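Each of the next two complexes has subunit A plus one other chain: subunit B in the first, subunit C in the second.
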Partner chain A sequence: MLVLTLFSVLFVAVMFVGLYLKSAPVLEGKSVWTLLTASEWRPMKGEFGFFPFITGTLWATMVAILLALPVSLLTAIYLTEYAKPVVKKFVFPALDILAGLPSVIYGVWGVLVIVPWISQRVAPHFVEFSTGYTVMAAGIVLGVMVIPLLVSLFIEIFSSVPKELREASLSLGATRWQTTRRVVLRQTLPGIMASTVLAISRAMGETIAVLMVCGCVIGVPHGLLDACYPLPALIANNYGEMLSMPLYESALMFAALILFVVVLIFNLLSRMVLYRIEKKNA
Partner chain B sequence: MIEIQNLNVYIKDNHILKNVNVTLPEKQITCIIGPSGCGKSTLLRTLNRLIDTTEEVRLEGRIMVDGQDSLGHDAEVTELRRKIGLVSQRPCPLPMSIFDNVAYGCRINKMFKKRRELIYHVRQNLRAVGLLDEIKGRIRTPAARLSIGQQQRLCLARSLAVQPAYILADEATSALDPISAKTVEDLFVKLKEEYSIIMVTHTLRQALRIADNVVFMYLGEIIESGPAEQVFHHPQHELTQKYLAGAFS
Partner chain C sequence: MKISNSKKIHENIAIIFMWGAMLIVFGLVISVIWTVFSKGMKAMSWEMVSSLPGGGFYIGKEGGFLNAIVGSLYIVGASTLLGLLISIPVVFFLNIYLKKGSKLAYAARMAFDVLFGVPSIVYGAFGFTIMIFFGLRTSLLGGIIVITLLIIPIFIRTMDEVTRNFPRDILDASFSLGATRWETLKVVLRQIAPGIATATLLSIGRAIGDAASVMFTAGYTDSIPTSLSQPAATLPLAVFFQLQSPIPEVVDRAYAAALVLTVIVLILSISGRFITNKFSKNKI
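Right, the complex of A and B next:
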């Protein structure tokens, strides 16, 4: 067990070092800070600014989570606290199927349904013209993708709350909703946060589905109806052609490194918060 | 006063409680005894309608609580549950501080407008179960850190804080060490001055010590009920005699 744990920690470290070495050439020319905050992206001239891609990633992820979190929470609450067993019997397998669908399917769905919807129905209210390939499309597709994951996790977490705890609350004259809000959600807050971080990591790393609907236009998005170009899409789109330019390859490796570090930081932060909460309650 | 009239409870297709008729008098301790699986817990859960959370349950009959049918369509279940407190077998503190555990029901039921009144009330109820001095300075710490015996008394204080008229206790002392069990038992005796107490117990000795009334159940039916003295010392029914004899020896 210990060996395996050490091994996985080591593996993460090796990956980090590997990515770092590979991205060293691009780091030689400019400081990390310049690379992260510059917006110019001209591989031919050796200019690599990652800011548009970082903001693209953050935008798409944020929209996705803002959409998925409330929907998943309410769905899971309904299924565990309110729904009849019959409903659960049909919904649970459906969730499993949805969670197991390959992401390219979500991408296709996004292209066929969400993108035209945004372009024809939503965008005209706000801008003159939009192709529909936008932050919003990426966010919605990502959000819908992580909903089954989140719902399954939440259901598992809520089911772990002992029946006696709910009954203790009900016995004091609380309604079911009060019990859910004040006891079940409170008890499971650490789990909810951990699941959300997992979903964020998933959303940040998701490639194909996002690539299909994000527009892949290099530029810092300023709103939901701008196109974006998240890091995974950048890497996947350019991985073949960059072989001819050494600096380009290095730049893409750096993109991967950024993604890696951001996800890592997220996970560490959530660990810390979890630790705080658990220490407070135990 | 609680009057149970022709109560039948079915879960799925099982007839769990069969034509139960009994009156539970006020300001006394009524002990429900009987072998495992005879429906004691089900009866308690029906009294405060916690049974509603069970799937596929069907209730027939009437339970008159202070003259109102608690099984009727217009019964206010949350108000009923406030009025009939429950202390379960395993203490079950809510995931919050000691103070918030006791304050929980008061907040739910919007009992106080002023924070000062709430604090006073919480301390009062903690004192009533003998916890206030024991936990000095720890009132804002998580309730889960208390010992099991203290937790059970906290649960009792929590129930008392919403000012119920009845207290149901389902083997409330069976998970506790002997000393804590004695403390809680003594509390119940003290509390019967103000509350009507209905408790399920497996320890006949306990029933013998504290019961004013005894209800003996067997396979979902009430075989015999009445004053403790009569049921224990002059049981009318053969089953009661057997049960008492078997359990006493």
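Right, the complex of A and C next:
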């Protein structure tokens, strides 16, 4: 049992080393900084600039969080501070379903609902033509996917606020909303931020759904209606051809390494904050 | 008077916004499910789920996606079993052998939470490099290994949550009766069985729906694998690949496959909720 536990802990390190070794060839020629900021992507010539993919990832993630955060926060507040058991009985299963649906189903939904909506309803107001496969589509689909994660984290954090604090505030004549804003939200701000960081890292790594709606055009996106090409989509789309060129494979493994490192740091930071809250709670 | 009025208005506005947010959540669930069902039902037929892709399948001729269904079941079944075998000892080790506040337990929980957060595409890429290292081709075995790695963190963290809330008095009672740790373990196992069931359902849901990791490792094929070294098709990839086809009949099959996948996941999620509810009723 000890061996299994230790192995699991070490597995994080093994994963890092494995990906690092695989991406070493592409790191030999150029510095990490050059790779991250160059925007030329020509695998045939051995030019690998990750800037378009990184900006694509950032755009899609940002849109997703901006959309999901208010919805999740308000839902979680209602469920912890206001809702009667009857309401919870309906909302929790709905959130369960959202959390459980596979990424590819969200992709299908995105292709059938969101992409046509953007291309027919939204885009004509701003640009002449858009296929709908855009940053906005990727952001919306990702946003929907992180809502259940955010809501469940928020509910956990809000429930950690002692009942006495709320009662003290209510007994002074504050309304529920005032109590929520000035007591609950203020108390849980670090937890809310940690959960958001966690949701960001989840959104960054999401692959198939994004791949299906992002447009996959290599280039730095400049707005919501540009196509984008996030890192996970890059890896998934090119795995077939990568074996033909050693440096290409190495470059894709470097993309996986970037994702891994970012997600690792984000997770460590936010989990530390969340653990502390949990401990105080227990 | 004026102050209390504005208080009330704020309160009401806040409630309206919250209802709005919840309506959005409900709307999204209904929209996703309705889209999949309305498209999928039209394309669904017995042939789809009962036959292998025939000749000319990818230009819209006869056949179904039984290969993907069976492939998914193989991978999910094997990795769930493996996952359980590895996770249960770890959970017991964390909660019974280690003392509360142990540094190793903290590190292990952190590691599993981090691993839970690692994107499946990274698991896929990592699994792929390992397979190349050992000279394996895309195969059923590769898919099983990667999916097992992917679901172990979910297994452990979900079971861990349940076991941690487990009253330690029961442990003390068992020990004080002279039971060994191993015998105590059996007592605990019976108590947390519903937690294990929930964790298993969650893991199956994640395992069956994940496409990014099996893409690299299990590959895709038109036949049902007969050995561990053959590639295996999976449902999410069946949806993904067929949806890209320009031929409407093939795209329809993607919808039908999506419907099958969604129904499986819905059943898992509903039974998970059911078990949790039942469990919390009998909680001490």
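Throughout what follows, the second predicted complex is superposed on the first by the 256 of 282 C-alpha atoms of A that agree within 3 Å, B and C clash if a C-alpha of one lies under 4 Å from a C-alpha of the other, contacts with A are read in each partner's own complex, and residues count from 1 in each chain.
Quick note on the criterion: a contact is a pair of C-beta atoms (placed from the backbone, for glycine too) under 8 Å apart; a residue touches a chain by one contact, two chains touch by 3 or more.
Keep in mind the model is a prediction, meaning the values are calculated, not measured.
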| item | value |
| --- | --- |
| Which superposed partner A:Q178 touches (first subunit B, second subunit C, both, neither) | both |
| Partner chain(s) touched by A:M44 [first = subunit B, second = subunit C, both, neither] | neither |
| First, second, both or neither for A:P85, with subunit B first and subunit C second | first |
| Which of subunit B and subunit C A:E167 touches, first, second, both or neither | first |
| Subunit B or subunit C, by number of subunit A residues touched | C |
| Which of subunit B and subunit C A:R186 touches, first, second, both or neither | first |
| Which superposed partner A:K280 touches (first subunit B, second subunit C, both, neither) | first |
| Contact residues of subunit A, present in both the subunit B and the subunit C interface | 175, 178 |
| Contact set on subunit C toward subunit A in their complex | 7-8, 10-11, 14-15, 17-22, 24-26, 28-29, 31-33, 35-36, 39, 86, 89-90, 92-94, 97, 104, 106-115, 117-122, 124-126, 128-130, 149, 152, 156, 202, 205, 208-212, 215-216, 236, 239-240, 243, 254-255, 258, 261-262, 265-266, 268-270, 272-273 |
| List of subunit A residues in touch with subunit B within their complex | 84-85, 162-175, 178, 182-183, 186-187, 280-282 |
| Contact footprint of subunit C on subunit A as seen in their complex | 1-2, 4-5, 8-9, 11-12, 15, 18-19, 22, 70-75, 77-78, 82, 91-109, 111-113, 144, 147, 151, 175-178, 180, 198, 201-202, 204-208, 212, 232, 235-236, 239, 252-253, 256, 259-260, 263-264, 266-268, 271-272, 275 |
| Interface residues, subunit B side, partner subunit A - complex | 48, 50, 53, 55, 78-79, 81-82, 85-86, 88, 90, 92, 94-96, 104-105, 108-109, 142, 144-145, 155, 158-159, 162 |
